[in-house]
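Each structure below is given as structure tokens.
In what comes next, subunit A is part of two complexes: it sits with subunit B in the first one and with subunit C in the second one.
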Partner chain A sequence: MKKLLLVFIITGFTPLLFGQYPDGKDILRKIDDNMISENRYYESSMIIHGRRTSLTFKLKTWTAGDTKSFTEYLFPVREKGTKMLKLDDQLWIYSPSADRIIQIAGHMLRQSVMGSDLSYEDLMEDSKLSEQYNAKVSGEEVVDGRKCWIVDLTAFVPEIAYHRKKLWVDQERNIPLQEELFAKSGTLLKRTRLSEIRRINERWYPGKILFKDMLKDGQGTELVIDEIRFNIEVPDHIFSKASLKK
Partner chain B sequence: MIKFLFSGLIRDKHRSLIPFLVTATGVMLTVVFHAWMTGVLGNSIEFNARFSTGHVKIMTRAYAENMSQTPNDLAILGTDTLMNVLPQLFPEMLFAERIYFGGIVDIPDKNGETRAQGPAMGIGIDLLSENSPEIERLNLASSLKNGQLPVNKNEVLLSNKFAEKLELSPGDTLTLVSTTMYGEFTLHNFTLAGTVEFGNTALDRGTVIADLRDLREALNMDAAAGEILGFLKTGTYDVVQTTAVTNRFNARFLVEEDEFSLVMKNLPELNNMGFLVEYSDKIKGILVAVFIFAMSLILWNAGLLGGLRRYGEFGMRLAIGEEKSHVYLTMIIESSIIGFFGSLAGTATGLAIALYLQNQGLDLGFMMKNASIMMPSVFRAQITPATWYIGFIPGVISAQIGTMLAGMGIYKRQTSQLFKELEA
Partner chain C sequence: MLSFKLALRNLLGAGLRTWLNVVVLSFSFIIIIWTKGILEGWDRQAKADMIKWEIGGGQFWHVNYDPYDPLTLDESHDRIPAGLISSVQPPVPVLITQGTIYPGGRMLSVLVKGIPPEQKILALPTAKMVSADGEIAAIIGKAMAENAKLDTGDYVTLRWRDRNGTFDARELKITGIFDTNVPTVDVGQIWIPLAELQDMMLLPDEATLIVTPENAGPGEATEEWVFRDHEFLLADIESIIRAKGSVGIIVWLILLMMAMLAVFDTQVLSIFRRQKEIGTCVALGMTRGQVVKLFTMEGALHSVLAAIVGAIYGIPLLFLQSVRGIKIPLESSDFGLAMAEKLYPVYSAALVAGTILIVMIVTTIVSYWPSRKIAKLNPTEALRGRIQ
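For the complex of A and B:
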């Protein structure tokens, strides 16, 4: 019993005594270096597990930096040809059935994308964490068999979807394995789980992300990355309103 | 004797005019008050029933739990089959499928880019079927302000203020931005057929009324509907009948373990209507009773005053040998005559005012801006069979009771004192 107590005291207080917790900001920078790229192209499947049915969408996306993104829906047939364009903080959607381009703005950005657990705001938020949040490591925990730092993030920029975040960051691979996203009031809004982590070039990237909107019924939304390529040539004309109707 | 007393009343205005006016005024106020209360409470219940709740409403259990959010992802499936079965099971009811939805109405400019946008609440009803009862039920023809009712596919109605705000005219194109039953983002083009005004603040702010079939296409709701409303064929809500229907339906369709099993809700269980339904008769009864009681007190008072004024006359009549009971009886007969004609005049005047309020109504929209239940902004009185007698009977009776109470003093007068009183 005494030995157990000793082990507990040593393991529990060692980081505090010896200052072994790394700087939170350093962890954020490492995450940014790992996750953010100049540009990327990926094909993915979005599986929405609703209360009644599950619905699968297939889409391909091009992004350039953290300001430009273009997505085209490939499946199901009803959605085929629907396109979304993000330029800075503006978002447009094109629907082939109505042959209209609609700008999504204001409170509509908080609405769900295709009934998923993701909002348009989530889709648009691709900025570097280190440029939006202050961070502090508050402990460590094992997630999916990997040792993780628990990092508490508080936003220092005013207009942001989630004022506070809690990340469980893989200590070796610098990728969050779990996230909890909070409103300014402290309400837990969303929980995400990143899995099937794989090495792509010099990066560690998730093969699957499970998003769960905590204010919504259902089993959450899975985003499965079928194919991803980093730092490729992306023609600039893709990120224009003209390409929405093509 | 009645003829003699009647002549006396006509010739001596002091004896009849004030009681007549008091009775007539009291009866008139009772009649107007009853018709107004019946109208206001009935209008509110029927307005809610027609636009939102039905006399009963069928939903899935899961939908019913989140009814205020109109969650079409939890809508009823296979409504085509259900709509064939329901009339056979409940022949006393008429059923109507409805889809309630929210979204944005987006107006394109000549290049197809967004010119204007506004948040909208929509109702999908059977607009295009020949002789659809929904058009009459929602009073669409007489609510039409501009244009015409939809006759073609993808034609919609918009509330007039909303159309004005978006600078839309009949024939213009508008795009509904919404989500389908499966949560997909959807854009659907409609043509504005006409604009409507219901006289309800919430409905007139931003309502789209579209045909059920077009909405099913737009919202990917094939053979589905958010709600099925049931209306009694009599056209008026009846709690006894609807409770029986609800119990029969739920016994047959409701499965507690299945969140998508069908459940029927009775009107009082919907939109905070319970209070209005449960207490409408009671409130009406209490208010009318209080009113009648107050009127009786006034008439009693009038009788007392009349008795005092005629104190000398009664003394003289008793002194010359008239029986106390005869004096008392003549007083009651006189008051009956006054009560009868006063009540008749009061009922006639009250009915005339109630008829005016029934036809013209009163616009109280400024008081309804934050109402939690759906209320019409123009309230109207409603004349029912009870309105014809609700004032008349208490008018006659209370005039008599007033006189009977006031006239009891006659029996307390001592014959020996009468001459002294007369001398004085």
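For the complex of A and C:
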């Protein structure tokens, strides 16, 4: 019994005594190395769970860095052919029914996409965490059977949507399995669960992401990645307004 | 005078036919005056309410502010300038931003408006924005309270973005619900103390618009602040009332047409049936012009009698409505413009006199039209009563 207690005390306090928690910033860099790519193409299904029914949208998206993104709706039929182009903080939307391109100011990026729990910002941006947040590991926990570091992030750049984040990062795969996004006041705003982690080339990437707005009822919005390719050759014309009407 | 007496005697002698025409024509009088009175009453009431609840003596708008485009709100604020107007009563700065509230797990987009609780210019009960223990006190309108299912004393989470675009969220306590006829200060809006909103938005001493007191005189615009006077701020309500007025005109035109048709019909019938009388008049020395005048006067006298009959039942009816008001069955918020639960029609002397004059002129023209035929009648044939 005494031996057991000794083992418990040693294992419990060792990280505190010897500073065994890794550097938070290192973890962020590893996450960025794993998740961020020069460019990527993916096909996904966005399932918005409402109070009574669920809506499914199928999309294909090209992104390059955190400034360029192009998305085309494939399903449902009424939205098929709708395209969105984001260049820096400008957003253009093409609607085939109206056959018109509408330019929307940067503020629109903060609005919800089709009534989902995601904003255009959430859906189309791909910024490096290490360039926006300071990080500190505050503990470890098991999520979905995987040992994770709990990393507290505080923004050091002023112009950012979420001042504070909390990540549960898989210790071996360097991918967050859970993310909590907080308001400046400390109120929990959103929770994201990443699951169906799979190996794609040298990366670990989620097959499913569940976004949940914690202030409202509902089961959140799922983003299911059907296919993803990294660092492919993306023709320049994809990120041009001409491609919206093609 | 002779032809007037003769015309009146002929008219009264026609009995029921005359009185039917007169009653229909009197309806036309009353409906015209009534509809115009309601619109006039609505116009006055809506303007007075908007001045009382929202506009004050006029507003200074930040140069980028566009109330129809909430996406521009992020760029339409600046430091409150000193000395915009010379007035004893201080102007009221208002800061506006977009936010989201979550009443009962639902998500509702709102406009969050910051206003000094001590302000005295607008009728908003801002003095109720008092709370303890660092809570943010908020007041909302009745329509907003019903839509969000909120009551006094309830708490609701507000989420907003500060000037840097960073999300923040706080609990608001509803400390007052006001009942107003002006939906533009009620629907989809939450009012909180200005200092709190400036602090939340990281915009110290800034505002989106500044409400000036009444009788402060016209303000002087600066590069950042543009003065909007009553004419500009009430233009929307005026154009809506004008549009409603044109619908009213169509209704009374139909009524007037029906009445005129009756008068015209009566005139045609008279000339057809009273040919012997026309022939006798001419044989006795009346010129054709005098006979035309007699018949025209007979027709025109319908409108005089209609005005008298209309006055008998219309004055008490319209007076009662102007005192007691007319209850509007729909919620004012359904219209999206200022409309009281009860409308008090306003009947001006010009409205009544103008309506009587218009109806009389139209009736005279309609009476003259068929009477012109008399001038072409052959008196001997007419005397024999032969149809020509």
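The criterion applied here is as follows: the second predicted complex is superposed on the first by the 235 of 246 C-alpha atoms of A that agree within 3 Å, B and C clash if a C-alpha of one lies under 4 Å from a C-alpha of the other, contacts with A are read in each partner's own complex, and residues count from 1 in each chain.
Keep this in mind: a residue touches a chain if its C-beta (ideal position, glycine included) is under 8 Å from a C-beta of that chain, and two chains touch if they have at least 3 such contacts.
As the structure is a computational prediction, the values presented were derived from the model and not from experiment.
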item	value
Joint occupancy of subunit A by subunit B and subunit C, clash or fit	clash
Subunit B versus subunit C as contact partner of A:I160, first or second or both or neither	second
Which superposed partner A:E202 touches (first subunit B, second subunit C, both, neither)	neither
Contacts of A:T82 with subunit B and subunit C, given as first, second, both or neither	first
Which superposed partner A:D236 touches (first subunit B, second subunit C, both, neither)	neither
Which of subunit B and subunit C A:S185 touches, first, second, both or neither	second
Superposition clash, subunit B against subunit C - the stretch among 37-45, 217-225, 289-297 or 343-351 that is involved	37-45
Residues on subunit A lying within both footprints (that of subunit B and that of subunit C)	108
Residues of subunit A that touch subunit B when the two form their complex	48, 50-53, 55, 78-79, 82, 93, 95, 97-103, 108, 111-116
Residues of subunit A that touch subunit C when the two form their complex	105, 107-108, 110, 155, 158-163, 181, 183-185, 187, 189, 213, 215-218
Contacting residues of subunit C [partner subunit A, same complex]	71, 74, 100, 102, 105-107, 157, 159, 161-162, 164-170
Subunit A-touching residues of subunit B, taken from the complex the two chains share	62, 73-74, 104, 106, 108, 112-114, 175, 177, 179-180, 182-189, 220, 259-260
